[in-house]
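Two complexes, one shared chain (chain A), two partners (chain B, chain C).
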Partner chain A sequence: MASISADNHGLRLVVRYMVLTLVAIIFIFPLVFMVVSSLKPDQQLLADTSSLRAFLPVGDISVDNYYAAFKRAPVGTFVLNSVIITGVTVVLSLFICSMAAFSFVFLKWQGRDLILSIILATLIVPFETIAIPLLLLSSKLPWIGAHGLEWGWLNTYRVQIIPFIADGLTIFLFVQYFKDLPGELIEAARVEGATWPQIYRRIVMPLSGPVLATAAILKFLAMYNQYLWPLMVVQQEEYRPVMVGLQYFFQLNRAWGEIMAYLSLITVPVLAFYLVLQRAFIASIASTGVKG
Partner chain B sequence: MATSTKLTRSNSAGWAFALPGFGLMAVFIIIPFFFAIGLSFTNQRLVSPNPTEYTGLANYRQLLGMGVITLDAVKDDAGQIVRDETGAPTFPRVRDYTRNNPDYPQLQGMREWFSWGSDTSRTYVLARDVVFMTALMNTIIFVIVVAPVQGGLALLLALLINQRLRGINVYRAIYFMPVVVSIVVVSLLWRFIYDGNSGLLNNMLGAISFGAIKPVDWLGNPNTALGSIILMSIWQAVGFHMVIWLSGLQTISPTLYEAAAIEGSSKWQTFRYVTWPGLRNTAVLVLIVITMQAFALFAQIDVMTKGGPLDSTQTIVFQAIQRGYGKQDISGGSAISVILFVLVLTISLIQRYFTREKN
Partner chain C sequence: MAQVVLKNLKKSFGTVDVIKGVDLTIEDGEFVVFVGPSGCGKSTLLRMIAGLEDISSGTLSINGQVVNDLQPKDRKIAMVFQSYAIFPHMTVRENVAFGLTIAGASKAEKDAKVNEAARILQMEHLMERRPSQLSGGQRQRVAIGRAIVREPSVFLFDEPLSNLDAALRMDMRMEIGKLHHDLSATMVYVTHDQVEAMTLADKIVVLRSGSVMQIGSPMDLYHNPANLFVAGFLGAPSMNFLDVTITEMDDTGCTVRNGALDPVRIPSLPKGDTAAKVGDTVKLGLRPQYLIPSIDPASGTLHGKVILTERLGSETVVDLALTDGTKLIVALPEDAQFERGREVSLSFGPARAHLFTPDPELQASAKH
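Right, the complex of A and B next:
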């Protein structure tokens, strides 16, 4: 009897792993195909699609496609732009949104609840519904630059950064987290005469590691993967981020190997980053689902 | 006295801390939002030599204007229905009614959207902007299919991954992987998968069926294009909602499962009476988030089909961008944006109503 039930158990375990693996293949095959194909010359790439060789780095393998991609488009510029835009936005966003949330949770002031509910109400406004008027607004905004006062933000870094610094979701995440911090700590600091900026910097921020990671990851993903907005506001390649840079690979003679190389180049670092920080990534998505 | 000084002190500090964030949101989210509403009542263009004018509901009338007309089959002098060479009855041309026909001023400028009818009469539904109507319908179909299917599959995945097995974290990491990949990259990859000639999907189907399934140009065929985009969109985003379900599953107390096990309830009963009631709030959130994301469908369309073939993958946002940005028709694009917002709001409220806690 015992051996039968053990066999049964073993069989069920095998079935479970088979189901899990089958589903895993569905989610991973296009990404494997992308990376493998980026190493193959176009002719072999196309020929291989008719067999499982499409997912194996076999045959004429080289990194020639990567060289060709760099030759075809200013890939370095695109990557640098994405790094600048994403990095600056993430840092400023963490700073400014945590400050706002700090004020909403720990300070009492007139109009606080109204302002907070307005901010939370923006969560149901999809960015796509304000993209068009924001485009018009951005084309007319002032800026004080090296040449004095100028008008219009199109074709700049700032138009890709400043509108995305503050958003309802990030502020919401900080508010949720701050609410769970022990209020006595802050009160004690007040009694001892600490100023609000001191409390923010010395007490609240050092305790905020997890929410900073969550907010940073979500902002990073949103910014790095942006497409619609830079497509509309940037026509000059010197300010283009990686996703819009893709267009270079669809002009005239289309080379699939080069496209796969470029896609791998802009995706694999993010995937590696994700795999290293997998727990934090998944926890950050999960925390958006915590009932507010 | 002490409280009032503390309050005033907090007032200035409170504003000082909140203002940078709120100020930015006011300028870049709240003002544009009201701008969209205001602009939709004008004829604003991105660059125009003429001053902007208030035009009332003209943009909305242009977008949403619809009419219905029923026409009788054409008869000859003997009263017999005139038939064409295939034997189908002939009907008067719709455009005789929609172009400069003084008897039908309300139909002026409309085009046929769709029609149905019998041998003797045919009903035509006309729209002032057939492309927008198609986009509206496509988007609604997309939402109606994606919201339950993606939400359901995500729950299945969450249940699958919520087992105590060695290495389960590896599987979870893989299922979630497409979420961190840009939808633009995903769309391009799937263009290759869906390709009509050497596409991976056709080759795989061909191999599995030993050539019985003929290659299909998935994105080039009006019947399969939208479905293909739906499938890919679910593939990309389902991991996101799996994680949200998973965090909901983990809030359910293990003692409830133990109690169910002691009672000897079946797997389905446990799910129905323990798991599902504990997931109510998660369900509302998942549905609303998927709906909002689905309504915003744009990048897939822009990368894969540009709205074609035959407008079969036109969507609301694609139309808004094509007009507001492509044709620099800011007011038309804004009106579409407002319609989109009203739709999102309505559906969120309806979902919230149906999934509310029943007391």
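Right, the complex of A and C next:
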């Protein structure tokens, strides 16, 4: 009997691995195609699409496309801009949204529930509907910078960062997570003499690993993929992010190899970010087992 | 150390009154237990003392100072929660030292106090562990350690033992009693377990539906319950109640009887919210321990038949059906033998019997 169940177990394992491998292949093939194609000249790239050669680094392989991509567009600037914009937004967003959620969940104040429901209602408003009013507003906002008081935020980093720091989804994620934290932990900290900022910093945040990782990944992807908004508010190359930079490769003579090279390059920060956070994510899941 | 005074303390959630005016003085160094069934408001009352619930009206003073509007951290209290509420991301040492860290104590002071607490609670070997590596009893020890290092004026315990298994509960109960003795601190303890209340308390406060039913020392409450509720709540097995009719009554006592009870004079008057008169039906309360069974039908005043005998080792509990159908429990020392179906009569000392006027609220809840 034991051997039969062991066989069953083995068979089930094989099937499970086959399914998982299939899923992995489906997810990984576009990436492989992108990287492999970035190494091929256009003609070969197009010819290979009809066969499995599309996924293999065969034929006339070189990094010429990468040289060409850098020549055609300031790729380094774009990647740097996106990293700055995304990085700063993610950090500020985690900080501001978690504090907002902290207030909604743990503090008592007049109108709290109403304001939270208004914030959550913004989740169903598509960005496109507010894009134009936001553009008009941004073009007139004041700012005190290196040159004193200035008007208008267009062609800056801040216009790409500040409107996206606080958002309903991130607040919602934190609110849901905080509501599930044991209330007695917060009460114990209060009785022990902790102030609200101390409770936020010493109790709530250290226990929020999973939601921080989730919110960071979602925010990172949303910010890194920004296209419409930077297209509207940035006309100068020096502030342009990667997605808008993609335009450079569709104008005039379109070169698929260069597009693939560019895409491969701009995927690197995403992968790096994900890999770093994945570890934090797993670690935080492991540490929440402590709750007991 | 401190005296805690509650004056007409009330709490309402919207239109629902959960604490309906509590007056209580907790003396310096006293161990007071709030006891009552779930939903009676005992935890709410404790949380009001802690400052975790707002006070709707009335005053609460600690050491002569009104603290109604003070934050928990400003009340010089420490609290131990039912779920322990120790911080999962900190080691035991960090947990115990938390209050001192927040208060900005020096490392030397912290170490000294934390080590002292660890010594008192015998958990020196656990100090570098995480809460996930501790058993329930050890976690509760950590929570108590966290409370004692801050040397609070008042310790508050919210059902601290109810998540522990029976054997551990008894150990921890004794340790808390010892702790109270060693620290001679004012302690307020909430439980629904009347054994904890009886064993630990200097003073028991019995609560029901947000009102105080009776305040007194454990033995005082046991021997002189003020009403039907307190009588039924304290003591295990709980007090037997028989419906009896008053046949005679004067200032010093009354004579009662029913179908299974021969007329007997009880040297006290019915207690409770309403007055009783001759002809009324009242409750006769008899503790199972004070009933003496006999096989001679003429020797006792109560008559019934044995249904079941449960031997607990230290005592034997006999379930009886009286001749009028009422059930009655008798607790006898050690292994008394009463076979099923045997006719017995029971006698009791009239001075140890209690009479109560009926309690409409209890009757209503009994019907559900």
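Criterion: the second predicted complex is superposed on the first by the 236 of 292 C-alpha atoms of A that agree within 3 Å, B and C clash if a C-alpha of one lies under 4 Å from a C-alpha of the other, contacts with A are read in each partner's own complex, and residues count from 1 in each chain.
Heads up, the rule we're going with is that a residue touches a chain if its C-beta (ideal position, glycine included) is under 8 Å from a C-beta of that chain, and two chains touch if they have at least 3 such contacts.
These numbers were taken from a predicted model, which means no experiment stands behind them.
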item	value
Touching partner for A:Ile165 - first (chain B), second (chain C), both, neither	first
Touching partner for A:Val91 - first (chain B), second (chain C), both, neither	neither
Between chain B and chain C, more extensive residue contact with chain A	B
Contacts of A:Pro30 with chain B and chain C, given as first, second, both or neither	first
First, second, both or neither for A:Leu11, with chain B first and chain C second	neither
Which of chain B and chain C A:Pro182 touches, first, second, both or neither	second
Chain B versus chain C as contact partner of A:Glu192, first or second or both or neither	second
Contacts of A:Leu136 with chain B and chain C, given as first, second, both or neither	first
First, second, both or neither for A:Leu207, with chain B first and chain C second	second
Chain B and chain C contact sites that coincide on chain A, given as residue numbers	287-291
Chain A residues touching chain B - in the complex, by the definition given at the top	13, 16-17, 19-21, 23-24, 26-28, 30-31, 33-34, 46, 49-51, 54, 96-97, 99-100, 102-104, 107-110, 112, 115, 118-119, 122, 124-137, 139, 162-168, 171, 196, 200, 221, 224-225, 227-228, 231-232, 243, 246, 256, 259, 263, 266-267, 270-271, 274-275, 278, 281-282, 285-291
Contact set on chain B toward chain A in their complex	7, 10-11, 13-18, 20-25, 27-33, 35-36, 39, 44, 46, 157, 160-161, 163, 165, 168-169, 171-186, 188-190, 192-193, 198-200, 203, 207, 235, 239-240, 243-244, 246-248, 281-282, 285-286, 292, 295-296, 298-299, 302, 317, 320-321, 324-325, 330, 333-334, 337-338, 340-341, 344-345, 348
Residue ranges of chain C in contact with chain A within the complex	50-52, 71-73, 77-79, 81-83, 85-89, 98-99, 102-103, 130-132, 139, 143, 146, 150
Chain C-touching residues of chain A, taken from the complex the two chains share	182, 184-185, 187-195, 198, 202-203, 206-207, 287-292
